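Next come two complexes, and both contain chain A; in the first it sits with chain B, in the second with chain C.
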Partner chain A sequence: MRLKTFSQGGVHPRELKLSAGKKIEILPPPETVIIPVSQHLGAPSKVLVEKMADVKTGQLIAKSDGFISTNIHASVSGKVLKIDDFTDTSGYRRKGIQIKVSGDEWEEGIDRSDDLVKEFSFTSEEIRNKILEAGIVGLGGATFPSHVKLMVPKGKSAEYMIINGVECEPYLTADHALMMERGEQLVVGIKIMMKGLGVEKAILGIEANKPDAIQKMKSLTEQEKNIHVRGLKVRYPQGGEKQLIQALLNRRVPGGGLPIDVGVVVFNVGTVYAAYEAVQKNKPLIERVVTVTGKSLREPSNFLVRIGTPVSYLIEKCGGLPADTGKVISGGPMMGKALTSLEVPIVKGSSGILLMQESESHRKEILPCIRCSKCISACPMGLEPYLLMALGKNALFERMEEEKVLDCIECGSCSYVCPSARPLLDYIRFGKAEVNKLIRSRKAI
Partner chain B sequence: MDKLVVSPSPHIHSEASVPRLMYGVIISLLPALAVSIFYFGIGMIIITSVSIISCILFEYLIQKFILKVRPTHLDGSAFITGLLLAFCLPANTPIWMVMIGALAAIGIGKMTFGGLGNNIFNPALVGRVFLFVSFPVAMTSWPEPGQWMKYADAVTGATPLAIMKEGVASRTVSEIMPEIPGYLQLFLGNMKGSSGEIAAFALLIGMLYMLYRKIITWHIPVSIIGTVFLFTGILWLINPDKFADPLFHILSGGLMLGAIYMATDYVTSPMTVRGMWIYGVGIGVITVLIRIFGAYPEGVQFAILILNAFVPLINKYVKPKRFGKEVKNG
Partner chain C sequence: MNQIIIYTVISLVAIGAGAAVILYFVAKLFRTEEDPRIEVVEKALPGANCGGCGYPGCRNFAEVLVRSESFDGLFCPVGGNETMAAVASILGREAIEQEPRVAVVRCNGTPEFRSLKTHYEGAPTCAIAHSLYAGEGGCPYGCLGLGDCVAVCKFDAIQMNPVTGLPEVMDDKCTACGACVDACPRGIIELRKKNKKDRKIYVSCINEEKGATAKKNCAVACIGCSLCFKACPYEAITMNNNLAFIDSDKCKLCRKCVPVCPTNAILEIGFPPRKTEPVEKVADSSQ
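Let's turn to the complex of A and B:
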């Protein structure tokens, strides 16, 4: 059978999954952690602890502060050293809680064992509350609070839940490792989320470069009539939710719309696993699987890491920082963020740490646009990046709005394919920000 | 490592680069060049080298001394312009004339618009048409293939299209056909014509190579050749005595060269697939109109230049298929 994929645009960069097949290694807590209060989309959480307070692993230390916000828990036990601004993955200094680790004493009521707990009898509302309590956000990178996604707005209905096991970014293998090692838990997590959402049908999409994961998840769901596992042709950005929904169901999320507009809610496999732990084990989101990789790194690895662990600690565990490192990226090479410091903490949205060699860290020389139209062919949203860049250069933001700049998902396919190495996405991002300002000023009037 | 490089995503880039694309085009033109040298020998070698060297030299001189910008003469695009210009000239064109053509191509066709990426018209065709209107006799005296030690003194004659055009005024197509090389000869390039346009098979090999390397897509060549085939086919079905058959039309003249190389020039062709279809069909229709109802036996170069002028308009109105229809929020 021909494998499905999304029907428009996309690219296929070298996959370079160096850490594929590596077992998830559980890292002990470092000496200190920094837990930012803004690790998710939405309002920063409100700090509940004070300086010099003693905290236990799993203790709530910052509370959801608004509808789109979530809880944050101590990922280690120890003493709060500082509540201050710290540089995070965004490069900005933002508020965080620094904890000096001592021992590893857990909050009571958390089941730390590996035993699989299959049965559950919670109502949808109880599930949503547990997910909010546990501070679960989208672990694919967007970090949108998951409990909000479980609340279907009035007038809309959810028909399908899609679980994103695509991991289309080159290098990253965290989701792959999770499916291979925690497949049973994932199946329970899927059922929990289906219950929480109130849907009957779930589809797990996995790209064909992970045949073992497809095989494994298929065999684990053989008895489940309502959970389907689908292999997908390898193509970036298939992990984008609009692309994934189109690939699996051939439904197109309207421009400016959300997946729920076509009856779908999408969760990443990591999120589903976290939901399993929250609901079945009472364990808040205090750790996640992170791929640490790079061509020069001695031991590319998949780690289970406590939130707040400094990036430098992970790199040490992989054999130290290679001498030829030029750039360190949080996330994958297509959409990840270049870090300004190695002391920034792992947060809920960190799927990987990628070390680029000095020689591959710099951009190429920008040449004139030759109108080859490769950016148009590559754009999964049907935009014209060359035109958007030209408009952006000339500050024609209203024209950019007409040309649907806000539809851009910032996948970077245009900049990736451009033979003239033009910084298309830079100008598109700039345009998006300016167009959003325009829209806000219009609303203000 | 002293400092970390910080830049926005994406952090990786495909292998594609402008010089790589350009040299890919040049490689794809080698079979056609080989066939042309096989038929026109020394003449082909002379005009091709003069044309390429002149184009590169003029680009360098204009950028360095007139525009005062960093010269980009070695990015491969001037090389292609030179090669393609030579391909659409008779193999006995005098050296000085080739140089004038190169100056028109690079100077008028490319640099006046601001260089690579900004020109509206295909530079090689600008050079070709400049020479055609300036030196109509020299530009329509085609050397007989096979005289490969001869250059300026080559025996010349008319192209199959010109014979056909002259002929149908007074005779039927079937009476004219014996004076024209057979289809196999046309396919192999054994005919009089512009030096690089003759060998349909070699140009098709070049096209396959460019498709394989993903330098071009099939839409423009197929829409042009398909349109010419259909249009001439309809005329032929209506009156086979007056109109030559479609196979003759696609194998003769500059159609293959035009459809595969001239019309697919990135800079002067549309950006979207639908735009490419409009452009290709337009070129096909105008080509046939000129060939059959116009004053000249061949119309590909004019058709491409005319449609080149429509490309900005096509790009403005023909948009790619947006992913999802818009919904109003709030």
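Let's turn to the complex of A and C:
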């Protein structure tokens, strides 16, 4: 049978899943952690603890402050050293809580055992509340608070829940490892989320470069007639929710719309696993699976890491920073961001740390556009990146808005295929920010 | 043959005459009165269409000038007081004099004071670099050095110094139109009073971080210690968010604040050398 995929645009970079098949290694807490108060999309959380306060692992330290916001918990036990601004991935300084680790004392009521808890009898509302309490956000990278997604807006209805096990970014294997090792828990998590959302049907999409995961999840869901596992042809950016919906259901999310407009809600496998732990084990989101990888790295690995752990600690655990490192990226090579410092913490949205060699870490010289239209063919949203860049360069933001710049999912396929190495996405991203500003100022009037 | 020529000429003349009559009446019907002074005022303006006055071009500014009651808030920074006086005499109004101003780059972060920690290869504009990250030197307030201000200057008054990586303003060419002030995504450039002999004293830093943090990224950052604030006899210096600011309208150029600055963040430009140098001065980047 021919495998499905999305129909428009897309690229197929080398997969380079160096850490595939590596067991998830549980990392002990580092000496100090920095927990930023804004790890999610939406309003930053409100700090609840004071300097020098003692905290336990799993204790609520910052509370949701607004509708689109969520809770943040201490990922370690110890003393609050500082509540201050810390350098984040961009080099700018944002508010965070620094905790000096001592021991590993957990908050009461959290089930830390590995026992599988299958049964649950919660209502949708209880599930939603537990997910908000636990501070769960989309772990695929967008970090949108999950409890908000579970609230279907009035006048719309959810028919399908899609679970995203695509992991289309090269190098990353965190979701793959999670499916291989925590498959049983994931199935329970899927059922919990289905209940929370009130849907009858769920589809788990996995790309064909993970045949073991497809097989494993298929065998685990044999008895579940409402949960389907589908293999998908390898194609970037299939992990984008709009692309995934189109690949699995052949439904197109309208421009500027959300998946719920076509009756679908998408969650990442990591998010579903976190939901399982939150609902069945009372465990808040204080750790996540992170892939640490790179061609020169001695031991590319998948780690279960406490939120707030410095990146340098992870690299140390993989055999140290290779001498030929040119760039360290948070996330995958396509959408990730280069780090300005190795002391930045792992946050809820960190899916991987990629060490690029000096020789492969530089951009090529920017040459003139030769009108080859490769960027148009590669764009999965049907945009014209070369045009958007030209408009962005000339600050024609109204025109950019007309050209649907806000539909861009920032997958980077255009920049990837450009033979002239033009910084297409840079200008598009900038244009998106400016267009959003325009829209806000229009609303203000 | 001749007949064809004659017919052609006659018919063309007839069409032309007909069109002329129609145009005459249309012109009468849709006639718009325009103040003839607009033309004259526009001629008096520099014609750079730089937008420094806040209006899209010289023509538009001329219309506004003719329409307005007084010149309050209307000033052509390029032409300066001379032009405004000329315009005032055309319109028979009082000119409001303004001190001539000049653009000043308030960043001192040359490579010798600010070690470069990262290397930026993205789209070569400051606006994009600013939206992505703090900058090669790690200072989230410092100059990104990609020259958005240079590109926007219509008078070739700013250029990048390849050694310092900072833009330099040529005071004699700068018209204080303010285009660079708007173009800089970090707000580093300020229009300051152009004193006699282009003398200037200013805090060449806009970093609002705490002193220790600011200094970690840049040795010549303002650390907000308030020593200059205390030294100033004219209350020209204000302290806000760990940053000193010298108001160029109040500053009397006494230079008392300069030697007390522990990080040499305050620059004095255009002065004769001091007789006894109290502290070793920072190499002047804008000269």
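In this text, the second predicted complex is superposed on the first by the 444 of 445 C-alpha atoms of A that agree within 3 Å, B and C clash if a C-alpha of one lies under 4 Å from a C-alpha of the other, contacts with A are read in each partner's own complex, and residues count from 1 in each chain.
Note that in this section a contact is a pair of C-beta atoms (placed from the backbone, for glycine too) under 8 Å apart; a residue touches a chain by one contact, two chains touch by 3 or more.
In this text the structure is predicted, and so the values were computed from the model without any measurement.
Residue contacts after overlaying the shared chain place A:338 against chain B and chain C alike. In the superposition on chain A, contact of A:430 is made with chain C only, not with chain B.
Contacts of A:363 after superposition on the shared chain: both chain B and chain C are touched.
By the document's definition of touching, neither partner reaches A:105: not chain B, not chain C.
Looking at the superposed arrangement, the partner reaching more residues of chain A, out of chain B and chain C, is B.
By the touch criterion defined above, A:91 reaches both chain B and chain C. Of the two partner chains placed by the overlay, only chain B lies in contact with A:257; chain C stays clear of it. In the superposition on chain A, the residues of chain A contacted by chain B and by chain C overlap at 91, 338, 340-341, 362-363, 426, 429. Of all the residues in chain A, the ones that touch chain B in their complex are 8, 11, 13, 91, 170, 242, 246, 252-257, 261, 321, 323-329, 331, 333-342, 354, 356, 358, 360-364, 367-374, 376-377, 379-384, 386-387, 404, 407, 410, 412-413, 415-421, 425-426, 429.
Residues 1, 4-14, 16-18, 20-21, 75, 77, 115-118, 217, 266-267, 269-272, 315, 319-329 of chain B touch chain A in their complex. Against chain A, in their complex, chain C makes its touches with residues 117-118, 121-124, 127-128, 131-135, 138, 140, 209, 213.
Interface of chain A with chain C (complex): residues 85, 87, 90-93, 338, 340-341, 362-363, 366, 423, 426-427, 429-430, 433.
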